[in-house]
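Common to both upcoming complexes is chain A, partnered first by chain B, then by chain C.
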Partner chain A sequence: MATQILLKNIDVPGLAEIQVYRKLGGYTAVEKALKTLSPDEVTDEVKKSGLKGRGGAGFPTGMKWSFIDKQSQKAKYLVCNYDESEPGTFKDRHIGQLNPHQLIEGMILGSYALGANTAYIYIRGELFYVLRIIEKAIAEAYKNGFLGENILGSGYSLDLYCHPGAGAYICGEETALLESLEGKRGNPRIKPPFPAIVGLYGSPTVVNNVETIATLPWIVNNGGEAYSAIGIGNSKGTKLISACGHINKPGIYEIELGLPVEEFIYSDEYCGGIRNGNKLKAVVAGGSSVPILPANLILKTAAGEPRLMSYESLSEGGFQTGTMLGSGGFIVMDHTACIVKNLLTFARFYRHESCGQCSPCREGTSWMEKILMRIEGGQGTMKDIDLLVDIAKHVEGNTICPLGDAAAWPVASAIRHFREEFEEHVKLQKCPF
Partner chain B sequence: MPLLKVTIDNIEVEVEAGTTIMNAARKIGGHVVPPAMCYYSKLEGSGGKCRTCLVKVSQGSAKDPRPMPKLVASCRTMVQDGMVVQNTTSPEAMESRRAITEFLLVNHPLDCPVCDQAGECHLQDLSYVHGIQETRTVEERRTFKPIDIGDKIKLNMNRCILCYRCVMVGDQITDKRVHGVLGRGDHSEISTHILNAVDNDFSGNMIDVCPVGALTDNTFRFKSRVWFTKPFDAHRECSKCSGKVALWMKGEEILRVTGRKDKYGEVEEFICNDCRFDRKELKDWVVEGPRTIERHSVISQNHYETSPGKSVRVSK
Partner chain C sequence: MQEKNNIPEFNRETLDLVNQIIKRYPQGRQKSALLPVLHIAQSENSGWLSPEMMDYVATLLDILPIEVYEVASFYSMFNLKPVGNCVIEVCHTGPCWLNGAEKIIAHFETRLGIKPGETTADGKFTLKTVECLAACGNAPVIQVGTEYHENLTPEKADNLLEQWKRENKISHTNPYL
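Let's look at the complex of A and B:
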């Protein structure tokens, strides 16, 4: 059994209650940090651990924290990005719903390390039931002295708030999230300046993913080196993977980074193979925005090496033959799946969720959706396929925030690897599936 | 403060720290200036949205000569000492500008023949330089009905490119903004919650800052093509604004009053609605003389005396 950091006690009944959580060793990390460690020492442990942001971009967390100007006279903020809404990704929901105290404990540790006295959990509006669970847990934490003034007599104070979004995927982009948190329209800001310099209310701010923050208690308890001993290469520790699609056992799995993809898909411990013994066709390895890969390239890299579940191995070969670990939304498709229809679903999502601020994303996403709708509906032409590639190329990299890239990559990769399927749609003038 | 050296399209210029690439290029002038559809120097926080001004930074600075990985929005990127920028000399930037122009036109109705902005429309200019000949869309365009957002302002959302300039006018020039962007993505629109709600002494400036024909002047609508009118500088005593305006005349008749726009289409000073909408008599104004117009502008065509110089004075 692999090391479990986030899902270890997840099946314990009543884990969302503070007594149960404390009985299992909860809040010991807060006690350890506030009583024996300085904020810089906590940051150092996180740096040593090699923990990377689990939201998708995989930016080293310790480094992100070190961009904060500690000498700044302004208030500092830690914001937890709980706006999980990428199609295929449903890992964070699990943590808040079943183990909210681990998230709160992580928030206290992170805020302490950054010197923040106010922290926010920005939660996706649709997860209202999770918001209630977290708010109850926050109230319990206040009651037990882990939040509020002078926590555990250490002189450190922290107020934690949970704020719901209003149903916009774009608010998962960190600067749009901050705008939304400030009560404005959730439009991404133009960077630079980055949130570490000018963030929430113009103050230095760190935005971290739920999973990243929920990992902090373990790192403080066991040390950064113990964490970096798990995993492979520069991909340290464990990662939650939300597996879905045509597999026998969809669900959320905690894996040690470096697990072979083949084992993850076929072993009974994880996905349990493809349903009905069907043939694997394609995998979207990290949530809808990463490039799709056909079966041969997801199991083995172009060089013939076995593909591993790690940041480096999945991105080996660049976008020509590789993909990204992303946020860990693992979508598996068997031979009955229509790539064009799947892509249309993604394109529709990005068209609907584009904020409409910058022109390539606003117009490009809707244009791509319309063309895909035509191809899937049997009215496409061969020219349309090239047009799609051309649009995706010009949306990518030309937008304010990464949503444009996220909308363009699936289109570009699907056509790169499954062009014959698009052509078949055009030739038959209908969907062959 | 030492000046920073920047090279744009092989032309060197020295600017103060905190200057954007766009403003450095404007200091040089001419063809190296990237087109700006959303940036407006008089509106704080504008720019970065339309992406037409994307340029290539082939050398970040003298200290760190690495090129920037992506094209950058010149209106929002500050120059560094020793920066080398490529605008028209970068095939990549020009290719992206072609694509952005196409994106802006995907949902545009192309109704220039009946649009009041034609002749002074930035999207027209942009398409003229960077557009492609054919239309690659066969899809139906997103459409809205034209509405009145104020008693003198007509909004034709079909033409809007969502530059947010009018939103910033609402925030920065008027004392209360009652219009804004509703919805998101390609279905977002500029609108008010209550019809005709824009009622403010300076709301008319929204018309001046609009780069396209989305916001037009109801008192001038369909009266004349702009190139049949002649602009004159004029002023009057006004308690609300400077009273310095451009009158657009046909014979002795004042058809339209606007702010005085420079060569980038930006007004020199914002004017009040009283001057703009309600002073259409010659006796209200002290006419200073014909306004200087770019020789290449369609407004200077036909009935204007042209001289070999760069710009011409309009004959009376």
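Let's look at the complex of A and C:
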């Protein structure tokens, strides 16, 4: 059994209540940190752990924290990114719903390390029922002296609040999230300056994913070195993978990074194989934004090595033959799935979610959706396929935020690996599925 | 909610909640409370944000009405037109589509006699398609108010519809309560 850091106690009844969480060792990391470690020592442990941000971009967490200007006279903020809106990703919902105190404990540790006295959890508005669970847990934490003034007599104070979004994927992008938290439209900011310098209300701010933050108590309790002993290469620790699509056991799994993809898909401990004994056709391994790979390339790299669930192995081969770990949203398709139709739903998603600030993204996402509708509807031409490739190329890298890339990659990769299927739609003048 | 000369007004309890939310943000940053307060306002206004309601929210937060309009129109959870008592939101993104979302949408269409974006003539139901609800492992998924209903089948959908009809379901309740 793989080490479990995030899901270890997830099935314990009443885990969302503070007594139960504490009985299982909860809040000992806060006691340890506030009584025996300086903020910089906490940051050092996180640096040593090799933990990378679990929101999708995989930026080293400790390094991100060290960009905060500690000398600044301004307030500092830690903001938890609980927007969880990348199609295929449904891991964070689980943490807040079943184990909110682990997230809260992580927020206290992160805020302490950064010198923040106010922190926010920005949670997508659709998850209001989870927000209510977290707010209840926050109230318990205040009552038990883990939040508020002078926590555990340490002199350190922290206020923690939840803030609901209202239906906008783009607010998962960290600067759009900060705009949204300020009560504005979720338009991403031009970077630099980065949030570590100019973030929430113009103050130094760190934005971290739910899973990243919920990992902190374990790191403080066990040490960064122990964390970095788990995993493979530069992919340290465990990762939540939310698996869905045509598998026997969709769900949320905590894996040690480095697990072979084949084992993840076929073993009964994880996805349990493809439904109805069907054939594996394709996988989108890290949320809708990452390149889709056909069965042969997700199981093995182009060089014939077994593909592993790690940052390095999944991206081996670049975009020609590889993909990315992304958010850990693992979407599996069997041979009955139409690649074009699936892509069309993604294209519609990105068109709907584009904030509209940059014309390549605004126009490009809308054109890509229209052309895909044409092809799927049987009115496409061979030229349309090349046109799609061309538009994707023009959107990629030409926008303020990465949503443009996120919209382009699925299109480019689907055509790269499944061009015949697009052509078949055109030849038959209908969807062959 | 009461209304004086068409100007909406929250009751004491709701105003207390609003003031408590405003205090979560630093002095002078009360605009930060806009999204939470709009959620509450929508629930108090039959599930949609009328211009009068948005103007009222502007006065509550001491900001310009235009600041409220431009935000309300950006976020897909805010309805700027009236909706039915019970808004059924069906996820239609990839993972839900792979697991039969289209069948579920078609089923609701037949049962209710409306298309996505429409409201039944009796004003009881609105059907909407929405993007990924972060529950793809239990696809297909629908949302009604703050409730999720997962692993949906046509049979389950029928049972829910019957229940909602029986209890005159209202989906726009105060999300904080």
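Keep this in mind: the second predicted complex is superposed on the first by the 433 of 433 C-alpha atoms of A that agree within 3 Å, B and C clash if a C-alpha of one lies under 4 Å from a C-alpha of the other, contacts with A are read in each partner's own complex, and residues count from 1 in each chain.
What we mean here is this: a residue touches a chain if its C-beta (ideal position, glycine included) is under 8 Å from a C-beta of that chain, and two chains touch if they have at least 3 such contacts.
All values derive from a computational prediction rather than experimental measurement.
Go through the superposed model and pick first if A:T323 touches only chain B, second if only chain C, both, or neither.
neither
Looking at chain A, which partner touches more of its residues: chain C or chain B?
Touching more residues of chain A than the other partner does is C.
So, A:S354: does it touch chain B (first), chain C (second), both, or neither?
first
What is the contact status of A:R185 with respect to chain B (first) and chain C (second): first, second, both, or neither?
In the superposed model, A:R185 contacts both chain B and chain C.
Between chain B (first) and chain C (second), which, if any, makes contact with A:S289: first, second, both or neither?
neither
So, A:G364: does it touch chain B (first), chain C (second), both, or neither?
First partner only, chain B.
Regarding the shared-chain residue A:A168, is it in contact with chain B (first), chain C (second), both, or neither?
both
Look at A:L387 in the shared chain and tell me whether it touches chain B only, chain C only, both, or neither; answer first, second, both or neither.
first
Could you say whether A:R132 touches chain B, chain C, both of them, or neither, answering first, second, both or neither?
Second partner only.
Taking the stated contact definition, name every residue in chain A that is touched by chain B in one complex and by chain C in the other, in rising order.
The overlap between the chain B and chain C interfaces on chain A comprises residues 168, 185, 352-353, 355.
Using the touch rule from the top, collect the residues of chain B that touch chain A in their complex.
My answer: residues 47-52, 54, 70-71, 73, 76, 95-96, 99-100, 103-104, 106-107, 136-137, 139, 142, 161-162, 164, 180-181, 183-188.
Show me the residue ranges of chain A that touch chain C in the complex, using the header's touch definition.
These residues of chain A touch chain C: 75, 84-90, 92-93, 118, 120, 124-129, 131-132, 159, 161, 163-169, 180-186, 201, 242-246, 250-252, 284, 288, 329, 331, 333, 337, 341-342, 345-346, 349, 352-353, 355.
For chain C, which residues count as touching chain A in their complex?
Its residues touching chain A are 24, 26, 29, 31-36, 38-39, 61, 63, 67, 70-71, 74-78, 92-95, 97-99, 130-139, 143, 146-148, 175-176.
Considering the complex alone, what residue numbers of chain A touch chain B?
Interface residues on the chain A side: 168, 170, 185, 190, 351-360, 362-367, 370-371, 374, 387, 390, 394, 397-400.
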